[in-house]
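We call the chains A, B, C and D, going by the order they appear; numbering starts again at 1 in every chain.
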Amino acid sequence: MSVLTPPSRTTVRVRYAETDRMDVVYYANFLVWFEIARVELLRQLGFDYKKMETEDDCMLPVVDVTCRYKAPAHYDDLIVIETRIASMRTSMLKFSYEVYLAGPPAADGSLTVDKLLASGETTHVIVGYGMQKTVLPEKYARVIRAKLGLSQDDEEV
Amino acid sequence: MSVLTPPSRTTVRVRYAETDRMDVVYYANFLVWFEIARVELLRQLGFDYKKMETEDDCMLPVVDVTCRYKAPAHYDDLIVIETRIASMRTSMLKFSYEVYLAGPPAADGSLTVDKLLASGETTHVIVGYGMQKTVLPEKYARVIRAKLGLSQDDEEV
Amino acid sequence: MSVLTPPSRTTVRVRYAETDRMDVVYYANFLVWFEIARVELLRQLGFDYKKMETEDDCMLPVVDVTCRYKAPAHYDDLIVIETRIASMRTSMLKFSYEVYLAGPPAADGSLTVDKLLASGETTHVIVGYGMQKTVLPEKYARVIRAKLGLSQDDEEV
Amino acid sequence: MSVLTPPSRTTVRVRYAETDRMDVVYYANFLVWFEIARVELLRQLGFDYKKMETEDDCMLPVVDVTCRYKAPAHYDDLIVIETRIASMRTSMLKFSYEVYLAGPPAADGSLTVDKLLASGETTHVIVGYGMQKTVLPEKYARVIRAKLGLSQDDEEV
């Protein structure tokens, strides 16, 4: 069963260092933005990824990434990344990303999005010390299940 | 029709700057290696990608990338990237990559490969000035068709 | 004559991609932060550096950088960069930077700084198309002189 | 006393990822090249920097860097970095770098250098576990003293 949480939104401003001689953002940098966006999603769920690594010995290395590029991003653009947890298994997490150019702020000052620049997914395994596969600690899994509207039995295994 | 050219081999030495706090190469850097490897493949076909851009107004932005990570790369590792042209259409090129840890040199000093660290593909459209879609100039297409063992009619469209 | 404008403050959150295997921010990334900070300082002066390049054919390549590292920055740290225009000549601009770890927010929610992590300077020449040396357009020079409390005669030449 | 060892030479090929929208190598990337060059110098002295860190608990974080940029480096340029140990104290090492555009190969195939693109220095402290200052292990100091033509008494303290 694959479900989607409501998206988390993160913004980045394109850095000069991220551009290349084609005057667009170099393609590998979208994966850096994915990483920023998924850590912010975790923060919004109440997780501190740094503590997950340091205190809970729980790391989430990427085992698979895909990215489809629709339109280039340019220097100084404000970028909005919408991120979702796409699925969870006992020792696997999957995130999906949509990267937008920011639109003009709404009347109430809130963020709007203009055109879609790229979309992608990352798949992560849960590992502990020495890169040994492990399971996501229950305190994290519980929160994600609640967000995904899953019971423990629904969880993909 | 999808065919594979014999692979081009490129080596890179892992830079300190490419590692992260997990003591492995940060995942986005594999895409930088893909880029180095495909430019070297083009060089081995007799193409100078810089001149393709500058003199022939022919750029190859990436529209799709996938990468599957099998095992981590570490600081100072010698890495071997095997690259192939996976397919060609009139305005599209597809490359595939296999990233290996280098093994000990063979008796004759030649490069050997140890375990597979990652594999991936990139899909590129051919664009000219202003990012307008165009076709691969015939002088390049001819060489690639020859390498792929294709006649002009076989070319994917 | 060398004077200091009141500092501009910019914040960045340390990215996973910016760390290295020593579990600290890789030293070259401080120069990326310097660049972000000086563009934000220019923005606070009412300048859009992208338009300076695109519309006024006025680029500011770095000819000299120094950075002194006092203490490491770590993953997910909130970083505050205080930036000043240190001096201006007709075809040269000098910026200075102090990089701090952010402290806990003040009672009124405002940003505070904890310990100094690094300090540095960058020197820039003003160039136009084809990297030819030129002078800073008067509309920019006027604003900087005002901020620096300089008359046109005081300007370093 | 400050002396210069004969230079070590390292080459790098400019990566697409290292360029920026000004169509030159982004300034922070010269510091990445400095790092590559000093590790190669150490390798030529018979040191394996990775083992220095892993087996001898001896790390060399940078405490000071300067770089002066004379001319830009461009995509696909072959770059030659000449590196020297500029000075050594019991718990400090200083390297100097000259970054050149490669010239055409000499008649005997050997590397030549064209114009100077940049020069710089890095100063490193010797630290062990937990970033505590320590001294350079004698097995390394001995080799460097020999190369510098120093007796143990000459060593700067």
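The rule we apply is simple: contacts are C-beta pairs under 8 Å (C-beta built on N, C-alpha and C of every residue); 3 or more make two chains touch, one makes a residue touch a chain.
None of these values were measured; they are calculated from a predicted model.
Peer 1: Which chain's C-alpha centroid is most distant from that of chain A?
Peer 2: D
Peer 1: Fitting on CA atoms only, what is the rotation between the copies chain B and chain C? Please report it in degrees, nearest 5.
Peer 2: 180
Peer 1: Return the chain pair with more inter-chain C-beta contacts, choosing between A-B and A-D.
Peer 2: A-B
Peer 1: Please work out the Cα centroid separation of chain A and chain D, and write it as a whole number of Å.
Peer 2: It comes to 37 Å between the two C-alpha centres.
Peer 1: Calculate how many whole Å lie between the centre of chain A and the centre of chain B, each centre taken as the average of the chain's C-alpha atoms.
Peer 2: Taking the mean C-alpha position of each chain, the two centres sit 26 Å apart.
Peer 1: At least two other chains touched by the same residue of chain A: list those residues.
Peer 2: Each of 16-17, 21, 28, 32, 35, 75 in chain A touches at least two other chains.
Peer 1: Any idea which chain B residues touch chain C in the complex?
Peer 2: 16-17, 19-21, 23, 26, 28, 75
Peer 1: In their shared complex, at which residues does chain D touch chain B?
Peer 2: For this pair, the touching residues of chain D are 13, 15-17, 32, 35-36, 39, 48-50, 75-76.
Peer 1: State the interface residues of chain D toward chain C in the complex, per the touch definition above.
Peer 2: My answer: residues 22, 24, 27-29, 31-32, 35, 53, 59, 61-69, 72, 131.
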